[in-house]
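Given below, in the form of structure tokens, are the structures.
You will see two complexes here that share subunit A, one where it goes with subunit B and one where it goes with subunit C.
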Partner chain A sequence: MDVSPADLLAGVTATAAPLLLASLGETVTEKAGVINLSLDGTILLGAMTGFAVAATSGSLAAGFLAAAAAGTAVAAVLSLIGTWLGQSQVAVGFTLTLLCRDLAYFLGTPHARQPGPQLLASPVPLLSDLPLLGPALFNQSLPVYLSFAAIPATWYFIYRTRPGLILRAVGENPAACWARGIRPRLVQTAATLAGGALVGLAGAGYSLALKPGWGRPQGCEGIGWIALALVIFGGWHPVRVALGAYLFGFLQISTILLQDLFPSLPTQVFQVAPFPIMIFTLILIHAGRNARGRKQRLLLRLFRGRPPAALGRTYRQA
Partner chain B sequence: MKAQQSIENQSPGSRLPLLLIPALALTLVCLLLLVLGLSPLTIGRALASGSVGNWLKFSHVLSVWSPLLLCSCGLLFTFRAGLWNIGIEGQVILGAICCTAVLRLPGGLLPPPAVLTLALLAGGAGGGLWGILAGELRNRGGVNEIFGGLGLNFVGQGLVIWLIFGPWKRAGIASMSGTDLLPPHFWLQSPPGWRVAPVALALAVLTLAASILLLDRTRFGLRLRAAGTSPGAARLFGIEPDRISLQAMFLAGLLAGLAGGLQVTAVYHRLIPAISSGYGYLALLVVMLANYRPLAVPLIALFFACLVTGSIQLPISLQIDSSLAGVIQGACVLSALLVYGLRKEKS
Partner chain C sequence: METLPGNDMIGLEEIHKRFGRVEALAGVSMRIRAGSVHGIVGENGAGKSTLMKILTGFISRTSGTIRFAGREVDLRTPRDADRLGIGMLYQEPLDFPRLSVLDNFMVAAAGHDPGRLRQQLLELSDRFGFSLDPDSAVERLTVGERQQLELLRLIHRRCRVLILDEPTTGISQEQQEILFAALRALRDRGRAIILVSHKLAEVRSLCDRVTVLRQGRVVADQEQPLDEDRLLQAMFGSLPGGQRTVASRETGRPILAMDRVFSGAGRSGLHDVSVSVAENEVVGLAGLDGSGQAVFLRIAGGLLQPDSGSVRLPDRGRADRPAKGRDCRQTVFLPADRLGEGLVPGLSIREHLLLAGDAPFFLAPTTGRTQAEKTIATCNIIGSPSTPADGLSGGNQQRLLLSLIPDRARLILLENPTRGLDVRSASWMWQFLHRRMGDDGAIIFASPDLEEIMARATRIMVFFNGRILLDAPTDRTDLQTVSRAITGRTPEDARLPAA
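On to the complex of A and B.
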């Protein structure tokens, strides 16, 4: 199969879009010091909800909204038990991952393998005809445009606005924030809910655009774990996290191309290969960064990052 | 993300009864079913008759219980050491792969029972190695065990699929149904009228007893707890927390690998893509619901095994997806986390 570089790039930006939304959502959540480990299940629940609502109501917008609502609802449970009742966020998040996955399969049975609406590409006139970058940037569906906008928007919000400053402060030192009249738990809850909404949207990005339809498997299983890994190894920086998402998109696309080069290897191997490759790429970069006698090469500098100091710790109000 | 405090919920501050947990879970699930227009009673009856209706079905439950119990016992060690061993799923898979590899060796040198024993040991070793890998990634690479473990899970899954569709494919055509069946002399046999191999059952029960002893009656158990709750203080007493956590990871991987070996030799009699049946992840839920206490683990594992087995018939008898079992299990653990959280908050 011959693929032009333009098509390749277009494939990468489209594949990475939902992953980007989810990992940027998680970045916002973790900046406030909360780990939402439920991503993998939440994305599936969002995908199922989005597809089911869009198919029954006939409205794609309703589908996306419902998916965001589902993601927010899961995040609310995490907030309640984790942030407010002080249980381990990892324990709650992991339980929610499995619960949401099974809930999605259970509730989605009537919609499995049913026809439904699908969001088509909405090309930007003129710009989409640009060579090389045209199809990648300007001939995509709305979630992809949203994912483009989300990168600078998240960065701007976190690093250039006052609420973003408060968000980071709470993630670093909730007790000091409390002393300054900020209510850390409220900020953490808001960040968790907002992040959850983006994760839910990511789910709809799969079931209504990238991999239209609902079924078991839907095709987005495992993505949530990649998103979580991206945030941590991307150093909690939206731009680096986005780079990671594009790297994963590139991996997924290139395995499709590599299939032709290695016809002896079974197709199924190519479907699972990007996941371990991605995680170990991130781990290697991370390990290289921690190695003693390090040299600050450009690549390593790019991926340097430090977790919010209070990440995963429950803030217990006096 | 370091285990900064003990994972366990120890302080029963207020007297909120623990009975609230099943009550809450039951209410949540019943509400969900009623909203969907399904009868909780009918489904409950179907689940019960599908799991404890007769000996044949209950012996099927026990065949789920054995590997689940093995994994849960392994997790008791890692949780006690303050580790979140999500990589257990991959450790089960590697156990299954290594076990199958031994059974596929050109035979004739050793009698089948000896080969079978070696294969199970190889399974345990494979799982243990996978556990150590995640442990070393954590100790030396500074990679949180959750992500190292996840990466290794993905690798394990990829390996299984590669083997089934590549080198170990069935004569003729490779398919998702797995490798060729093993010759019957390599099966852990079940007596007629049984669905569980007594060897598997015995192995699980012995492991449980040994784990309880190790955890609560030996110096090793104490060291685990020390390394898990306060690694800094442990170091002052000459305990090397990194080494202890590596030992815990090895033990957990060993038991998970054994579970994988049982899946091959006693349950499926071949290697299939979903060889782990998700028991690794399920075991994490079991141990969480048991509040990390060894004595509650076998009962909760039995309950979860009943749900797994009882739900198999649901799609046929009631046109309900069998993922309902997972919904009930998740609701139970979530309720437990909520109730324990409320107890903590009131204290």
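On to the complex of A and C.
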């Protein structure tokens, strides 16, 4: 199979789009000091909900909205039990992952392997004919355009707006926020819900666009964990998180291409390969941070990031 | 509604606060006037913090009336207090260390135009003679600068009542003067300022009126000029014993020897430090916050390895062993951040003592209880064997840390040991330390309080920017020389004509 660089790039941006939405959503949540570990299950639930609603109603928009609503609902459970009832976010999030995954398979059974609607590419006139970058940037489906917009939008929100400042402040020191008349738990709840909505959208991005259809497996299993890892290795910075998502998209695309070069290897190898490669890449990047020497440190500043100081610690109000 | 100077800004009537069976406030009534600085003094546990927490809405009163500018108000959350214009400067700066100065200023500020807020921050900073860089990260500032930032923020929020809790703890003399000048300026503009303090000297120089709390009650109320003896008597019931100046004793063999030690840790690092401390010495470390005292203590305690140079610590009477693998039974370090570095928050007093002593392999719930009860009694800790360390007040945490010092300790290192302690607790602590030190030990302590160092230490070392600028016996130097060294002028400089 002969693949042009333009097609390769187009594949990368398309593959990375849902992952981007999920990891940016999680970035917003974690910036407020809340860890939402339920990502992997939420994506599946979003994928199922999106597909089922779109197939039943015939409306793709309804499907995406329903997926976002499903993601928000899962986040609301985490928020209620974690933020408001003071239970461990990690334990609740982990349980939610398993619950949502099985719930998605169970509720989605009637729609498994059924035909359904699919979001097609909406090329931007003229621009999509640009050499090399045209197909990657301007001949994509709406979720991909949304993922492009989400990177600067998230960055701008977090670092250049007043609610963004409050979000960061809550993630760093909720007690100080409370003293200043901010309600830390409300801020955390808002961030969790907004992040959950993006994660739900990511699910529909799979079942309605990137890997259309529903079944077991759907094909987006495991993505949630990658998104969680990306947030950490991306240093809680939206742009670096986005770079990580594109790296993973590239790995997924290239293993598909490699499949044709080694026809004797079982296909499972290629499906699984991006995950360990991604983890090793991230470890290499991360390990480099401890490097001594000024030059290395300068180089690695790009990858440096510190978690919000109050991350994962439930804020107990007096 | 503007409150004229002299009129009551805050009126408290019969404020009670109960925590379970404990009555922290037993009917406190007082009035705080606009355009005045009102001091609130009292020993540890007198109810000062509780009263301030009620005024800032952190906790609610059990009963009583609060009036603000003549109107009865209900303070349920800090949000309510903030809306009325009651702001507080906490003893531990309650800010966002990772965010920039400007970001800290902007969190919950009025308006969100970074350009305009930056301008306003700079103008305010200028007006009060502060020098704050809006773009630097708050974690790089000194405690004094963080306080200045917080003060500017509250002024920008148009706070009409400013509460300061022990504001001079951990800040330099210079910063203290800048702060006091700012507070006087604010008072003259009609703000009401409440100063919670242990230090009578600063109360005397700043406050128009002083209220003394003792065991949850108002026991004295004075206007300037203050009668200090009566204030002290009101605070403690009886006057604490006079400060005993430690007499220089015959020093013995060296216990700690540092040779050409360099370190890049901390704000200033350490540069070329060579000192030797011998048995029977009590060394006080002075200097601006973050000038190297903290790094020095941690290197001496074996918690930090120097980048270069050698450190020798006590070992069976010989000071010739490298610091690696130090004997933690001979060297103890008591950090300023007691809960963060010294104690384990979730563990009880009994468990702390078990950790420090030779506990058996199997631990029953009763193991070490008698021992713990004995320690609690001898060290005057207010708590029971099962009280967790984070449930103790600051002074009691310090007493618990002290009780963990082993008998055989020969080098005791302390960072701001009397922070948050009242006069009586502090003098108890020094007696305790001298007993523990015996006659073959040494004490090195860092303190922001020069008078404490001059009274308690036999030798003083002044740090400036990671170097020791002055190292002298306390009876052969004076406050003037020491203060000069703290600001970076060596005794040699003083003799040179001004350039």
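Keep this in mind: the second predicted complex is superposed on the first by the 308 of 318 C-alpha atoms of A that agree within 3 Å, B and C clash if a C-alpha of one lies under 4 Å from a C-alpha of the other, contacts with A are read in each partner's own complex, and residues count from 1 in each chain.
Please note the rule applied: a residue touches a chain if its C-beta (ideal position, glycine included) is under 8 Å from a C-beta of that chain, and two chains touch if they have at least 3 such contacts.
All values reported here derive from a predicted model rather than from experimental measurement.
*Asks:* With the two complexes superposed on chain A, say which partner A:Leu96 touches: subunit B (first), subunit C (second), both, or neither.
*Replies:* first
*Asks:* Quick check for you: in the superposed arrangement, does A:Leu210 touch first (subunit B), second (subunit C), both or neither?
*Replies:* Neither: A:Leu210 stays clear of subunit B and subunit C.
*Asks:* Tell me the contact category for A:Pro266 with respect to subunit B and subunit C: first, second, both or neither.
*Replies:* A:Pro266 contacts subunit B only, not subunit C.
*Asks:* Would you sort A:Ala14 into first (subunit B), second (subunit C), both or neither based on which partner it touches?
*Replies:* Neither partner.
*Asks:* May I ask you to name which of subunit B and subunit C touches more residues of subunit A?
*Replies:* Greater contact footprint in residues on subunit A: B.
*Asks:* May I ask you to decide whether A:Thr161 touches subunit B, subunit C, both, or neither, giving the answer as first, second, both or neither?
*Replies:* second
*Asks:* Who does A:Arg180 touch here: subunit B (first), subunit C (second), both, or neither?
*Replies:* second
*Asks:* Just which bits of subunit A does subunit B share with subunit C as contact spots?
*Replies:* none
*Asks:* Over in the complex, which subunit A residues touch subunit C? Could you list them?
*Replies:* Touching subunit C: residues 161-162, 165-166, 168-169, 172-173, 175-183, 306, 309, 318 of subunit A.
*Asks:* For the complex, give me every residue of subunit B touching subunit A.
*Replies:* 1, 4, 7, 9, 36, 84, 86, 137, 140-144, 146-148, 150-152, 154-155, 157-158, 161-162, 165-166, 174, 273, 281-282, 284-285, 288, 320-321, 323-327, 329-331, 333-334, 337-338, 340-342, 344-345
*Asks:* Which residues, counting only subunit C, touch subunit A once they are in their complex?
*Replies:* Where subunit C meets subunit A, its residues are 56, 58-59, 77-79, 81-83, 88, 90, 94-99, 103, 106-108, 112.
*Asks:* Give every residue of subunit A touching subunit B within the complex, in rising order.
*Replies:* Residues 35, 37, 77, 80-81, 84-88, 90-92, 94-96, 98-103, 105-107, 109, 222, 225, 228-229, 232-233, 265-269, 272-273, 275-276, 279-280, 282-283, 286-287, 290, 307, 311-313 of subunit A touch subunit B in their complex.
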